[in-house]
Amino acid sequence: MAKIRGAVVVDVERCKGCVICVNACPTNVLNMSKEVNGKGYSYSFMENPEACTGCMSCSMVCPDVVITVYRMKVG
Amino acid sequence: MAKIRGAVVVDVERCKGCVICVNACPTNVLNMSKEVNGKGYSYSFMENPEACTGCMSCSMVCPDVVITVYRMKVG
Amino acid sequence: MGELRLMKGNEAIAEAAIRCGCDAYFGYPITPQSEILEYLTLENPEPKTGMVVLQAESEIAAINMVYGSSACGKKAMTSSSSPGISLKQEGISYIAGAELPALIVNVVRGGPGLGTIQPSQSDYFQSVKGGGHGDYKLIVLAPNSVQEQYDFVALGFELAFKYRNPVLMLSDGAIGQMMEKVELTDYIPRLTNEEVIKRTGSWATHGKPEYRKHNIVTSLNLQPEPQEQHNHHLQAKYKEIEENELRYEKFQCEDAEYVFVAYGTSSRLCQKAIQLGREKGLKLGIIRPITLFPYPSKPIKKAAKKVKAFLSVEMSAGQMVEDVRLAVNGKRPVEHYGRYGGMIPMPDEILEAMEELIAKVEKKAQKKAEKKAKKKAEKKAKKEQK
Amino acid sequence: MGELRLMKGNEAIAEAAIRCGCDAYFGYPITPQSEILEYLTLENPEPKTGMVVLQAESEIAAINMVYGSSACGKKAMTSSSSPGISLKQEGISYIAGAELPALIVNVVRGGPGLGTIQPSQSDYFQSVKGGGHGDYKLIVLAPNSVQEQYDFVALGFELAFKYRNPVLMLSDGAIGQMMEKVELTDYIPRLTNEEVIKRTGSWATHGKPEYRKHNIVTSLNLQPEPQEQHNHHLQAKYKEIEENELRYEKFQCEDAEYVFVAYGTSSRLCQKAIQLGREKGLKLGIIRPITLFPYPSKPIKKAAKKVKAFLSVEMSAGQMVEDVRLAVNGKRPVEHYGRYGGMIPMPDEILEAMEELIAKVEKKAQKKAEKKAKKKAEKKAKKEQK
Amino acid sequence: MTEEIIIAGFGGQGVLSMGKILAYSGMMKDLEVSWMPAYGPEMRGGTANVTVIVSQERINSPVLKMYDTAIILNQQSMDKFQKSVKPGGILIYDNNGIIHPPTRTDIDIYLIEANKVAIQMKNTKVFNMVVLGAFLKVKPIVNLDDVDKGLKKSLPERHHHLVALNEEAIRAGMEAVKLQQKAQ
Amino acid sequence: MTEEIIIAGFGGQGVLSMGKILAYSGMMKDLEVSWMPAYGPEMRGGTANVTVIVSQERINSPVLKMYDTAIILNQQSMDKFQKSVKPGGILIYDNNGIIHPPTRTDIDIYLIEANKVAIQMKNTKVFNMVVLGAFLKVKPIVNLDDVDKGLKKSLPERHHHLVALNEEAIRAGMEAVKLQQKAQ
Amino acid sequence: MVTIEDIIKEENKVFSKTKLLTDKTFSYCPGCGHGVAHRIIMEVVEEMGIVEQTIGVAPVGCSVLAYDFMDVDMQQAAHGRAPAVATGISRVFPDKYVFTYQGDGDLAAIGTAETIHACSRAENIVIFFINNGIYGMTGGQMAPTTLIGMKTSTSPHGRDLYNMGFPIKITEMVAQLDGVQYVTRQAVHTPAAVRKTKKAVKKAFENVKNRKGVSFIEIVSNCNSGWKMTPVKSNEWMEENMFPVYPLGDIKG
Amino acid sequence: MVTIEDIIKEENKVFSKTKLLTDKTFSYCPGCGHGVAHRIIMEVVEEMGIVEQTIGVAPVGCSVLAYDFMDVDMQQAAHGRAPAVATGISRVFPDKYVFTYQGDGDLAAIGTAETIHACSRAENIVIFFINNGIYGMTGGQMAPTTLIGMKTSTSPHGRDLYNMGFPIKITEMVAQLDGVQYVTRQAVHTPAAVRKTKKAVKKAFENVKNRKGVSFIEIVSNCNSGWKMTPVKSNEWMEENMFPVYPLGDIKG
C-alpha cells in the first residue's frame, strides 16, 4: 500500500506565532520555535516531520496564510 | 322589554364628509347632507333618527372624532 | 435650437439627468424636491437609456449608493433638501476624501431643524465651508433659473469628472417648484462600460483585469504623513479649480454705484429691485456668483474700487455676506439683507434695504465732506485772521 | 483645593460629567474619544449618582437620545469624533432649532472621509459656521488643556441651560489622548425631578400636570412667517450670547508686534513658539479664542491697531483664519500656518512661519519707507534744481 | 410687454393648471414665461395661488408684491390680493362665494361668473378655462392659437380630445366676462 | 526647571506606563506635568513613544521636536529620536537589540542594560522601572518618595503590593546606569 | 314618544371626545385612520389616569402635528429617530409612559436601525406603527411596506420587485427580538377593529407600567389621498389587499 | 528514505497562498479569523475565474485594510454603509460579483438599516458578516452581538440585560426577508469548519451568477485581542460560548 508523506514550509518571517496550526495538526507535526523571528514572534516549525501526511489541516486554519503544503505518494 | 334608543350629534363644522360613519352604522341611521359646511364638505346627519340605537359604531370609526353619542332606555 | 418645454426646476434636473447620460440616481423623498425622484420613476429611463433610478431607504443610504456607483467611474447623483443633506455630510466628506465624481443637489428649505418646506438659502455655509468634517471643498453651482437647473446637471458631471470631486448644486424651493421655459439638449448616450473603463480605468473599480493592479477607492490613511500629503494634493486641486472654474455674472454693473451680491433665487429678486431702482434713477447693479466655490472674490474685490457699497442679499440670516466681506477686505461697506425661515424677500423690500444703505453711506460721505469743508474753512479763516 | 489627578483629556470629560450632575451620556465608539464611554461604563455612575450611560447603536441614535433627554430638561451629552459628528448634523440642527440644552463633544481627527485617527482641527467650519442646515449657532468651547476639558463640561451645561442652546466642545485627538494634572471639583448631585421641573417646567416635557398646558418640543413651523419669527428669536439669542459669553485669553500681548491667533492644541504649540521667539528677541504674543462662537472679533480688531500682523495657526488647511480676517477687516496682514491630515505642527516650525511673515511685512514696510524716502529726496532734488 | 399675474383661489379650482396653460401659451408665442406656485401644506385642501409672468424680456423676479392683473376666485384670496394690484391694473373675479366684492377704485374690475358658465356647459371641470377666457379677452397677451398649442403641450396625449372642449370654455369665458368698473 | 523627555521603544516595553509614573511622580512634587503619547494603529504591536514634560512652570506645548532627554529602547526609536536630543542634552538607552549605538558627540550618553538587570531580578515586567531608575539617577527631577506616591496613585489598589518590587527595580536601575560618553 | 331632544341630554351621553384631544381640527385628510388612532391612544391615557406620566414622540409624517392634537407633553422627532428619542426620554424618566407614533416610511425605512435597536434593548416604551403602505405627508411616495404592484408617486408603474424589492414585514421581524414583550397588528377602520385596537393599546401601556420592555402595535391604516381612493373605498381596498400581506392579530405576547 | 527535500517540490505542492492575496502581511492580530476568511473568499474568486468581475466593499473595522490584502478591485466604505455602497456598484454593474465584508458592529449596529434594506431589495450581492462579538478595531467595545455577561471595554462589568439589551441575531432576522436567497452561519477555526465555509462562499458567488438576490454568510469568529485570550483559547471559548447563541449551519436556501 502506498503511503502518503507530506511536508510543510512555514514562511517564518510572516508567522505570528498564534499556535493555531500546532493545535490543528492531527498528527502533532508542528510546534513553536524557541527563537523569535524579526517581528518578535516565535514561529511554527515541523517538530516531527515524519508524521506529516500533507493533510493541509494547518494551512486551512493558518490566519496568515504562511504555510505551504506538499504531499507525495511514497513506496 | 325595554327598548334602547340612541341619537348622535355631529359637529357639522368639523365633519370632513368622509362617509365612513354612514358606512359603519348598522341600522342605516346616517347619511350625507346635500349642503356643505364652511370648509366645503358635505356632512353626516341622522337621516333615520328612529333607527339609532346609540351603538357608537359611527363614533368609533369617525376619524375626526366629531360624533357625540347619546343613549337611553325607553319604555 | 432644442425642444422647448415648460418645466418645474425639479423636473428639469431629472430630465437633464436622463439626457446627459447619467448612470444612476439614488434618492429619498423630501419636500420640496420629491419631484426629481417622482419624475424619474415616471419616465423610468432604465429600459430606454439604462439609467438606474432607485429610491433608497434613507438619505444616508442614497449618498453611499452614489459613493459605490461613482467609485465605479459611473455618473451618479442624488438629491435632497436641507435636513436630508445634513444627513449626507459624512458621505459627502467620504466622497470628497476619496476623490469621487458625483453630483449632489440640495433644494434648500427653511431651517434649522425640521423648519419649513418653503424656500431658503440658509445652507450656504454648509455647502461652501464644509458641513462635513475635514478640509475639503465641493464645487458649488448655484442656478437661478429652471434652465440653469437643467444645464448644471451636465455641467456638474463634467466638472465632477474633470476634477474627480463632488459637485453640489445649491438650489432652493423656489427654483425647484417654479416653472420656466427650458431648452432641452439632445440625448447623450450613457458611456458604455468600455468607455467608462477607458475614462476611469486608472482609479475606478470595474473588476481588475490582468494588465493592471487592483484599484482601490478609499479615504483612509492610517498614518498622518500620507494623509497630509493627500490633503496637500486636495488643496492643490482646489486651487486649480479656483483658477479655472470661476463662474459669475455681472448685470448693470458698468455704471453702478451700489452693487448687490446675490445668488440663486435672490439674484432674480435683486434684478427686479435693480429695475425698480433704476426707474427711480439709482445706479444699481449686481454681481451674481454662479459658482459659490470657487467664489468670485477677485471680481468683487475689483468692483470695490469703484463701487460705493455692497449689499449681500440672501434668504438667510447672513452667510454669504462673510465671503463678500472677505473679498472686499474692508475697502467698502458691506451689508446684508435677508429674509429667512422660508420667507422670500420681495424686490421692493430689497430696494428699500438698498436705499437705506445708500442713505447711510451718503450721509457718512456727506459728513466727511462737511468736516473737510469745515476744516478747510477754518484753515482759511485762520489764514485770513493772520 | 480639590483632588488632583493625572488624567487623559477624554477621561477628564467623563469624570467631569459624573461630578457635575450630568443626567445622561449617549455615545458610540470612535477613536480618539472612545475612552469617554469606556471610562463612564467602567465607573458605572448609575447606581451611585443616577447618571445614565448608554452605548447607542450609532452616532445618529446617540444625538437623538440626547434630544429626547434634554427635551425633558435633563442634562444630556454625547461625544464623538469627526465622521461621527458629521452624522449628527441633522440632529444638531434639530436640537438648535428646538432650543434644547445639550452638550456635544468633538474630539477631532484628521479628515476628510475616514482620514486618520490623529489629531486635527479641521472641523472648525463645521462647528462654528454650521455643519447642519439652517441659520443656527452652537456655543463652541475650545479647551486647550485637560483641566479645561474637565471644566468645560460643567460650563457647557451651564451655558446650554442658560440659553437653551446646544454647546459644542471642540477638542482634538491630542488633548483627548494626553494626560495632565486635573483638579477635580466636588460631586454636585443631579437635580431631582422636582428641581428639573422647576427649572424647565415652562418648556420641557415631564408629563403634563393639571395646572399647565401641554409642553411641546419641536422645530417645525408649517408656515414660513412663524418660522421666520422663530429665526428672529434665535438670532436675537445669538446676539445676546455674543454680548455675554465671549471668552478668550491673551498671552504676552502687551508689547507684542506680531500676534498668533490659535485655539486648542495649536494655542499651546504657539505658546512654545512664543517662548522660543522671545528667546530670540522677537516680540510675539497670542490671542487664544476660548469660545469660537462667540468669536473674539472685537479684541482682535482692537489688537490690530498696534499689532503689525497676525498669524492664524491651525491644524487645518485654513479655516479660522477667515474669522481673523473678518475681524481685522483689511487693517493688517493676516496669514495662516497649518499642518493637517493628522499632523501636529512643531513649535519651531510655527516660529519659522512667523519669522517668514515678519520678514515679509518688514520688507514691505522697508520698501514703502524707501519709496517714501526716495520721493522725498526727488522732491528735494527738484526743489534744489529749481 | 411684461404681464405680471396672480391667480388665486381654492385648491381644487384648477388655479395651478390654468396658470400652466397660460404660461405654456406664452411660450408658444416665443415669450418668456415664469410660473411660481405658492406651495406648502396649505396645498392640501386650502388655498392655492400661482404667479405667472409673461414677457418679451428675460424675466427677473418670479415672485412679486404687486401685479398687473389679479385673478381672484375666493374670498380669502380677495382679502389677500386685492391690494396687490398695481394702480391702473386689472382685477378679474368670480363672485361665487365672494362676500365682500372688490372695493378699489383705481383699477379695472371685471366679473366672470365662471362657475355659472361651467355649470351651463355641464362640466365644472372647465371652470378654470372659462376664467382663462375671461382674462384673455381683457388682456389678449396670447391668442387662441397659442392657447391651443399650449393646451396640447401641457395635456398628455390621451387627453388631447379635451382640447376642443377647453377651447369652447375659453370662448365662453371671453363672452361672459363683464367690466364692472373702470379705474377712476 | 523644565525637563522635556521622550521615551520610545516597542509596544510591550511599558513605555507609556513608565511615562505615566514619571508624570505622576512629578505631580506629587507639585510640579506641572504633561504626558502625550503617540497614539494610533501602530500601538498594536509596533512602536510606542510618549513625551513627558515636568516643569515648575505651566507647560505650553505637550509635543516637541527637541528634548532634554531621550530614553531609547529599540533601534527604530534610536534612528528616529537620537537627532532630537538638544545639544548638551542626555540620551539614555538600553543596548539590547541596538545594532547602531548612538553616535552623537554633543550630548551625554548613558547606557542602561535594563533588560539584563530585569532578567537578573527574575522579573522582566520591571524592565521599565529599571529604566526609570536610570533616568532618575541621571536627572533626579523627582525623588524616590515622589515616585513611591506616584506609583501608588497610578496603580490600582490591588496592585499596591508591587510598589516595593518596583522601587527595588528603580534602585537597581540607578545603580546599573553607566555614563558612556560625556558631551564634548 | 321620545324625541331626539329627550335623548340628547348630558346624562345619556355615552360617547364624546376625550379631553386629551385638543380642540384643534385634525390636519388629516377626510377619512384618514390617523384620527382614530390618535383618539384611542388618548382615551387609554385618560382612562388609565396617566397623563402626568405620559410623554409622546411624533416624528415627521402626516402625524408630525400630533402634538397639536394630543393634549399630553410631546416631542417632535427627526425622521426615523423616534425610538432613539423615546429611549432618551425613558432612560432619564424611567417611570414615565413614553410612546412613539410613527409611519411606515419613518419606522421601516430611514428608522430601521433605531426601531430594531430600541426593541432589542428592551426600552420600556410603546411603539405605535401606522402602516398605510405609503409616504403620506410628502405626497404619496412608495414606502417599504408598499405592496407589490401598488402605484405610488415614486412607483407610478406599480411597485416592481426587480427594482424596488419586497415589502418589509418589520413587525414580524421585531417580534423576533428578545427585548420585545408584546407585538400585535390591528386596524381602526371598523367598530370591531377599533375596539380590539383599544384593548391592545391598554395592554401596551400596562406593559410599560410593569416594565416589560417594548410593546409594538402596528395599525394597518388607509391613506386615501396617497392611494387616490375615497375613504370608504380605501378601507375596502385595505381589507382586500393589505390584510392578506399584513394579517391582523397578535404576533407575540 | 524520502527526505523532506524530496517532498518539497513544486510538483508536490498541494496548498499555497492564492495569487489573489497580495504580498502584504495581514494587519490582523495573531490568530485572528479575519485572515482565514480573506483567504477563502479570494480562493473562491480565483477558482471561479471571476476576478475581472469582482468588486469588494470593506467598511471600517479591523478589516478596513482588506483592500491591501485582497487583490481585487475594492472600495472602502463608511461605517455601516457597505450594503448601500454595494447596491450602488451592483446597480451600475449588474453583471459583477459584488461582495461586502463587514464586522458585527458595522453590520448589526450602525448599519442595521442598510443591511436590512439591501436584503429586502434582493440586491444581487454577497454579504460576509464576521461576527466576533466585539468592536475589534476601536479597542474591544461592546457590539450588538456581544453575549450577555461578556466583558468588553464598554461593558467592563459584563454586558447586562437591563442597561444594554439583548444580543441581536441579525442573521436570523435577515433570513426572514424575501429578498434573501441564502443564509448560513459558519466558522473558520478548524479545518472542517473552513472547508464548509468555503463551500458556502462558493454557493454564494454562484448565486450572484444566477442573479438570485442576496447571499448572506455569517462567520462566527474570534477576536483574541478584544476577548483578551490567546488565539487557541479564544477558539475554545468561541465554541463553548458563541456557538450556543449563534449556532452554525444553513438557515435558509
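Each chain gets a letter, A, B, C, D, E, F, G and H, in the order it is written, and its residues are counted from 1.
Here, a residue touches a chain if its C-beta (ideal position, glycine included) is under 8 Å from a C-beta of that chain, and two chains touch if they have at least 3 such contacts.
Nothing here was measured: the structure is a model prediction, and the numbers come from that model.
Compared with chain C, the chain whose C-alpha mean position is the greatest distance off is A. For the pairs C-H and B-G, the count of C-beta pairs in contact is higher at C-H. Centre-to-centre spacing of chain D and chain E amounts to 55 Å, using the average Cα coordinate of each chain. Separating the centre of chain A from that of chain G, both taken as means of CA atoms, is a distance of 62 Å.
Chain D and chain F have CA centres that are 34 Å apart. One simple way to say how far apart two chains are is to compare their mean CA positions; for chain A and chain F this gives 41 Å. Chain contacts: chain F has residues 40-41, 45 touching two or more partner chains. Of all residues in chain D, those touching 2 or more other chains are 54, 57-58, 60, 83, 90, 94, 98, 114, 116-118, 218-220, 222-224, listed in ascending order. In chain B, no residue reaches two or more other chains under the touch definition. Here chain H touches chain C in the complex through residues 51-55, 57, 60, 64-65, 67-68, 70-78, 81, 84-93, 96, 113-114, 117, going by the rule given at the top. Chain B makes touch with chain G in their complex at residues 5-7, 9, 14, 16-20, 23-24, 41, 46, 49, 54-57, 59-72, 74.
Partner chain E is touched in their complex by these residues of chain C: 4-6, 31-32, 116-118, 173-174, 177-181, 265, 268-269, 271-273, 275, 344, 346-349.
Contacts from chain G toward chain B in the complex involve residues 2, 4, 6-9, 12-17, 21, 25-26, 28-36, 39, 188-191, 194-195, 230-232, 235. Contact residues of chain D toward chain G in the complex are 23-24, 26, 52, 54, 56-58, 60-62, 64-72, 74, 76, 90-91, 94, 98, 193, 205-210, 214-220, 222.
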